[in-house]
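To keep things simple, chains are lettered A, B, C, D, E and F as they appear, and every chain counts its residues starting from 1.
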Amino acid sequence: MGKIVTLGEIMLRLSTPGQLRFTQAHQFDIHYGGGEANVAVSLAQFGHDAHFVTKLPKNEMGDAALHALKSFSVNTNFIARGGNRLGIYFLETGASMRPSKVIYDRTNSSIAEADLADFNLDEIFKDCTWFHWSGITPAISKKAQVLIKAACQKAKEVGATISVDLNYRKKLWTPKEAQEVMIPLMSYVDVCIGNEEDAELVLGFKPKHVDISKGELSLDSYQTIFKEMKEVFGFKVIATTLRESFSATKNGWSALLMHQDQFYVSKHYIIDPIIDRVGGGDSFSAGLIHGLLKMKPQDAIEFAVAASALKHTISGDFNVVSETEVIELMNGDQSGRVQR
Amino acid sequence: MGKIVTLGEIMLRLSTPGQLRFTQAHQFDIHYGGGEANVAVSLAQFGHDAHFVTKLPKNEMGDAALHALKSFSVNTNFIARGGNRLGIYFLETGASMRPSKVIYDRTNSSIAEADLADFNLDEIFKDCTWFHWSGITPAISKKAQVLIKAACQKAKEVGATISVDLNYRKKLWTPKEAQEVMIPLMSYVDVCIGNEEDAELVLGFKPKHVDISKGELSLDSYQTIFKEMKEVFGFKVIATTLRESFSATKNGWSALLMHQDQFYVSKHYIIDPIIDRVGGGDSFSAGLIHGLLKMKPQDAIEFAVAASALKHTISGDFNVVSETEVIELMNGDQSGRVQR
Amino acid sequence: MGKIVTLGEIMLRLSTPGQLRFTQAHQFDIHYGGGEANVAVSLAQFGHDAHFVTKLPKNEMGDAALHALKSFSVNTNFIARGGNRLGIYFLETGASMRPSKVIYDRTNSSIAEADLADFNLDEIFKDCTWFHWSGITPAISKKAQVLIKAACQKAKEVGATISVDLNYRKKLWTPKEAQEVMIPLMSYVDVCIGNEEDAELVLGFKPKHVDISKGELSLDSYQTIFKEMKEVFGFKVIATTLRESFSATKNGWSALLMHQDQFYVSKHYIIDPIIDRVGGGDSFSAGLIHGLLKMKPQDAIEFAVAASALKHTISGDFNVVSETEVIELMNGDQSGRVQR
Amino acid sequence: MGKIVTLGEIMLRLSTPGQLRFTQAHQFDIHYGGGEANVAVSLAQFGHDAHFVTKLPKNEMGDAALHALKSFSVNTNFIARGGNRLGIYFLETGASMRPSKVIYDRTNSSIAEADLADFNLDEIFKDCTWFHWSGITPAISKKAQVLIKAACQKAKEVGATISVDLNYRKKLWTPKEAQEVMIPLMSYVDVCIGNEEDAELVLGFKPKHVDISKGELSLDSYQTIFKEMKEVFGFKVIATTLRESFSATKNGWSALLMHQDQFYVSKHYIIDPIIDRVGGGDSFSAGLIHGLLKMKPQDAIEFAVAASALKHTISGDFNVVSETEVIELMNGDQSGRVQR
Amino acid sequence: MGKIVTLGEIMLRLSTPGQLRFTQAHQFDIHYGGGEANVAVSLAQFGHDAHFVTKLPKNEMGDAALHALKSFSVNTNFIARGGNRLGIYFLETGASMRPSKVIYDRTNSSIAEADLADFNLDEIFKDCTWFHWSGITPAISKKAQVLIKAACQKAKEVGATISVDLNYRKKLWTPKEAQEVMIPLMSYVDVCIGNEEDAELVLGFKPKHVDISKGELSLDSYQTIFKEMKEVFGFKVIATTLRESFSATKNGWSALLMHQDQFYVSKHYIIDPIIDRVGGGDSFSAGLIHGLLKMKPQDAIEFAVAASALKHTISGDFNVVSETEVIELMNGDQSGRVQR
Amino acid sequence: MGKIVTLGEIMLRLSTPGQLRFTQAHQFDIHYGGGEANVAVSLAQFGHDAHFVTKLPKNEMGDAALHALKSFSVNTNFIARGGNRLGIYFLETGASMRPSKVIYDRTNSSIAEADLADFNLDEIFKDCTWFHWSGITPAISKKAQVLIKAACQKAKEVGATISVDLNYRKKLWTPKEAQEVMIPLMSYVDVCIGNEEDAELVLGFKPKHVDISKGELSLDSYQTIFKEMKEVFGFKVIATTLRESFSATKNGWSALLMHQDQFYVSKHYIIDPIIDRVGGGDSFSAGLIHGLLKMKPQDAIEFAVAASALKHTISGDFNVVSETEVIELMNGDQSGRVQR
């Protein structure tokens, strides 16, 4: 299968065991994760030649992140080494009405301060067929914005499909800052993943024919919004997950895809219990990329939703599932019967 | 904020990890807990100057209990040291239809055998604005009864509000023994926390106008009962939690407050899954005290219920939540969305 | 109480902690389990003189399996020692829509290669009142088939009741192989445990008056099937559990018993969450044996279902519950209230 | 092999993991141990029909202690059930110059309050060939003194050899109290295990020809002392371990045996590192009993010392070693080469 | 006892369990530590009114550091809250010839960017009798240099004794930078702790009469150096530990004190095994402060060395020992015998 | 650097945590290891393009072994998938005089039953500069013998250096069987690693001028033996480690190299404590290969010994050290000082 490139930050994730609160913990479980890294891991599990591009400090913390990526078969040849530090995020997993909490400690990370010269974009994008990034990466620093723009240009040159997960992060930038950077970048984007809230915050997009201030949207409204987004930004494909947050433990989960002006709605899942919902969106993006590359649109969105539903049952940011497992679920087996 | 005093026993809690049964365990998780200690910890989290009074053995087990209290900002200056031992309770956490089990090993504890002379009640209650205790404390020994009575008198002298959680414990005394001790003590009590069952067992109270032998009571019946209790015992405030035990993992949760002859019913929560329900009642008492001190009655009962709902999602006896977190829940956010 | 013998394989079970996937695990939890061993453990918990017969390698892995059995009061006097290895199975526990997975690594185990000469059947079955085995045991090897047949004969000689759990395992043999071996063995069987699917695969049984190809069966259909099975095989008692697999975490659970041509349907339970469903069927068999020995038919099936419902809330293959606990549940207390 | 009976207390041992201090621990490792129980476990590992007699509370803590004994093949048929509680001891393991610490919480345990009527001594001592007890048992209560005396008488009646480990415990009684109880009991004893310090404290024994106030004794002095002890108390066999405490991690270890007026000195071992020295003396007693029953005196003392040296390398009170392993060490293989 | 103030940085310490390498770890053990925080904890254990001054971020990571300090009875009333982050250090514990490794991730921490205005120095130093800081604090930022200078002035004003641990950290500053800052600060210092290497790097001190380029120094040479240091800087007391690093597991340990021109050499210890040597120097400083406040000089240095020897046997940065335990060791009991 | 190929078996290693005995363990730590796999991992850490060739079952156990290899940067492109099972070995780590124990459960593994057709030897050995294997691989099955022979031929064709670690395993074959297979294979070997004992068992080699029946050999005797081995088998390089087994915790460690008829003796290390000695020999082989490829003979043997000394301080089979760390140790820094 073709070469896929993702570019962004991978962080050390320190999560309290079980559902312990931060002040109760005496150990942290170690995971590694970050939007684009999670996508690369998923794609490698589905059999793709997935490359993750970032910069890691030249110390054992950087080595350990590299170990994690390699163990899941991600190609790490283009990861630069150097800089100050590995970004960190702390995670406390909630339960029932108690939400999970994330504390970021990611400023001045090696990738945030990486220069264009750290990467040989010609080599990286040689034979690349798909490039994926998220709205988090340009949010981490000016330098990262330069990098993302150059990467988009190079990806475009080699004819790769470009997908973006809008992913607004309020701790990293304001809507105004986001829009200044992100709107111009949309000209490179073929596949846009995000909901109306992200579109408003990140792209300054306000639908003309739908009032999004009134809470939950109907599928019809979403379709109207997607059509308008296509008009404004020229996206070929738009998709969003539709999460219903009943509690930290129980969510509804489905998705909507617009592909060549057709709409495709996925099956609806109830996920109960959620083991770990961090990385849920990334597993959807990866499932969608895989689906769009190998399946018809309806199957693509079903694959993406089934993949990300499974992610919620798995500890850590990475979606440790095979293509076969996802297909079994999308084909209808939710019974959870023991597989002997 | 004003000084609050609670007095009682804190025990070493030894619980099996996960949901292991006692005979399966090869390790115990260490927590510390006890009705009044739990209330003090909660109040300290809400920002109060919370003092817990007890007696701990002069060995490392006593030191460790002290560490736990101090780490949660409880004032431990009035804790006496000496005596035989730290009381222990063993906890096996259930799941679904399998109930949790508690085995007490608390006889002859230092606080059960403490003398009045171990405590300088003048110092302890100086500037005290609220005194809280539970029906467990006088149940542990004759000496503890003497102590509680003296404490109530001193608290009354300094003008503190006095609250009691009736909390009948059948392993510690009979209803007859309980009533002989508890009924006279009620003359000191301003705020009574407990349901009709506790009232019957601990106070020998049988409502005239409600038949409590027929299972679940209506809110109307509870109101009638509360009115009658007020008449008999003169409580200014009466409150009770209303627990629906669907299983060891899933409970319904709400509460009723009578305040100046007005009734206030809280929102109703479904807690699923329950991580640890021990200390749920104590977190309600603490939430109520905080609410009554800082809020209007309806908010007070909402705060108390939201605080104790959150407690069910947290390991250990202590309710490790901040005032802000409780207020977010009582204001309606049960979605469990990740807080980044 | 009388002596009960079970005969089969016990394996080392290596399960990933929590709900970790196989490739995420850095530790395995150690348990021991196997159909007949699980039944023996349950019966020992209910107070029976339960003997488990197998062959274990003469090394520390064999010793450790023996420790586990002894600690749960199973009589291990007739366990032979020697041969190659202890069978192993790897278990990954699922959650929500992600199923649990079992990987068997049991070929060439000591019991699979055991000779008749390894066992003194006269001694083993002396005073035996009940003999239980499952369809797994003859599936593991030709030698095991010889052993099971000889054991059935001996059990018959001493007048013991013989029960079988049909338990088809597709990784061990084909339906054709199974039927060649199992059908003749049915002549020894008094009590048959299994559903229509097992009956078809293991016994080649196809009901004349029920079409089992159309998914879920009604209770009426089951009754018809049971009657036909009795006609064909002469079983005195037939029972089956009725599992509804909503997800890996949530199951419906009930059972049907035919006893002296009467039918008995148990209460219906929702088990949520399931902690560990491996060994659920074995705990039912053990509960049924205990019930049939000590209770009337309706109580027997209630006991069996309550026992196995509890099993689903307990880690490991063994059903670590007492008779008292089962009776409390079958008498209706599903509330999960803390037992202090 | 013949039936051996030991009688005493078994406690729940709660030890901090690794070398954590008490106030640092958030979990306790669970073990079970007690002088005579440890001896019974060792003897069962060496192949004896070892019976441990005690009384355990009728709750899951008592069950768990029983599980531990059974898993190591100790015969528990004569263990009474009932009473208040299982005794507990807390253990913090030291390192280098930091000593290990033990906190006892054993008062009012079921065995301390057991009555003679709890035990059928006729049954217990039927066919008994050896009875072992320690100076700890009569120290725990008056009732235990009655029990030990009756047991000694019964053991004598059936012709069993009686061994005692003097084992003075200053937290349980004073030398004066000890001597009043223990001196009369010595008339039953054939084999006495203890050093000059224990002999002085427990038996009030002061050697005439050796000055024991001057620190470490020579082997000659020990021989003189043993001869004098024999004269006074009539012991047939006297033995003592000779521990050199260099640090909590490193000890020298050897022993001296007087048997039919002959002296036998064992090899000298350096144990480094010590994994767990609790139960070291008990493993020596068990090794000596096994040795005296099956070997010549020199081999007996070598076996006892090698067994107890190995104990120091094993976590928990129980000496989990086989006769074969002890013999390999006593035959000289201290190389620690991997056994494949 | 009098009030003691220490000021500096406390970090989250993330250490791999056991002796795992960074790339092998899947969990980190959580501790908190930092030079001056460690000293404050030690002093609180010895019974002092120890205040630690720092700035912690206003998030749960800051809360957790606060919990740790409070649990060990450190007064945290003067800790400011706010700023970016809690500094972190990663620790891998070595063994034998493999050294331990520390990776710092402490830039931009809240204390490094704290302003003088964050602290009310008048309140902090009111009634202060001793002020301790280390050369690490001014190394972390310019702002910290301002803070340390102001604190020294205030301490001097109130008549407190001022001690410094020179502690050169090459990752934080160059010798040149260090000397520019540190030499002027020495005018405030009464008690200087450090060896000739630190003195050279931090103070630019080169002894006239000793050649320190030739490896290990004799005690005579140290005495000469100390005298010269006193002449140059006017210290009243100078002390240094004398560590012999045989391996990561085994060290020699002693110390030298110059007090009123007299020299005092401590006993010499072999520490084997070392459980955790991080914080060893800080425990010496704390022991010395306690010793100088309460004992004669020879006892003071013996106390400091014994305290820090014990620290090497304890996990974490904090020296969790009582005054009694240190005195027992300094009085000669290194036997490691179990304390029952 | 050039491509290096190793070929053999990798097993799932299940080791008891800490120093627990097999019958005490309730969890196993998961590692992966095997002679040639360990060598490949080491070489990848030193920066080589290291390929490991084996066959793994097509299940998650095989996947997990693959994860482990990939995470340490071993090239796994030529690993075949299929067959029955992953070989397993159980490890109990000893301490002091208690030896470590290994129980093998490796029969019928996928690699033992692999066919020549599973591997494309042309591809595997293309551009290969070094091929390493051990005497364990041909011992596991006839098929493996065929495979090793074909691999040696292909390696010879492409001009690769061939090294063998003789490594006799008595559980896998007899000396007679070994010699029949191994002697002919020696004609391919350039570099032979093993001691006189292995040479005798595996190669039937008995030195003419040295009597090896008399225990420890002098260096002179070793030199004589090496010269004779060269004469008989034509090895260009011969090397052996010289282990002194003082206990399971403490070993002496050095090595001897014969290179172009010159002898090189390494430094001598005392390793105390040993954390994990499994894989010690493999880390020596890898260090020697690296050394011979990049250094002069004396440095090569120093590198090999330092690398393998470090291995003894690291958990698991894999030698998780960098070239830099080994060089620091071989250059003399054994002090274990903390590296900050």
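The definition used in the following text is that a contact is a pair of C-beta atoms (placed from the backbone, for glycine too) under 8 Å apart; a residue touches a chain by one contact, two chains touch by 3 or more.
Note that the structure is a prediction, hence the values are computed from the model and not measured.
Chains that count as touching both chain C and chain F, per the definition above, are A, D. A rotation of 120 degrees, rounded to the nearest 5, superposes the Cα atoms of chain D on chain F. When each chain is reduced to the average of its Cα atoms, C sits farthest from chain E. Most remote chain with respect to chain F, judged by CA-atom centres, is B. Put simply, the C-alpha centre of chain C and that of chain D have 43 angstrom between them. Chain C and chain E have Cα centroids lying 63 Å from one another. Across the assembly, chain D contributes residues 21, 23, 26, 67, 101, 273 that each touch 2 or more other chains. Contact annotation for chain pairs lists A-B, A-C, A-E, A-F, B-C, B-D, B-E, C-D, C-F, D-E, D-F, E-F, with touch applied as defined. For chain E in complex with chain D, the residues that touch the partner chain are 269, 271-275, 309-310, 312-316, 320, 325, 329, 333-340. Interface of chain C with chain D (complex): residues 67-68, 70-73.
Chain D contributes residues 14, 17, 21-23, 25-30, 59-61, 63-64, 67, 84-86, 88, 90, 92, 101, 103, 105, 107-108 to its touches with chain B in the complex.
Across the interface of their complex, chain A is touched by residues 18-21, 23-24, 94-102, 104, 169-171, 245-250, 273, 277-278 of chain C.
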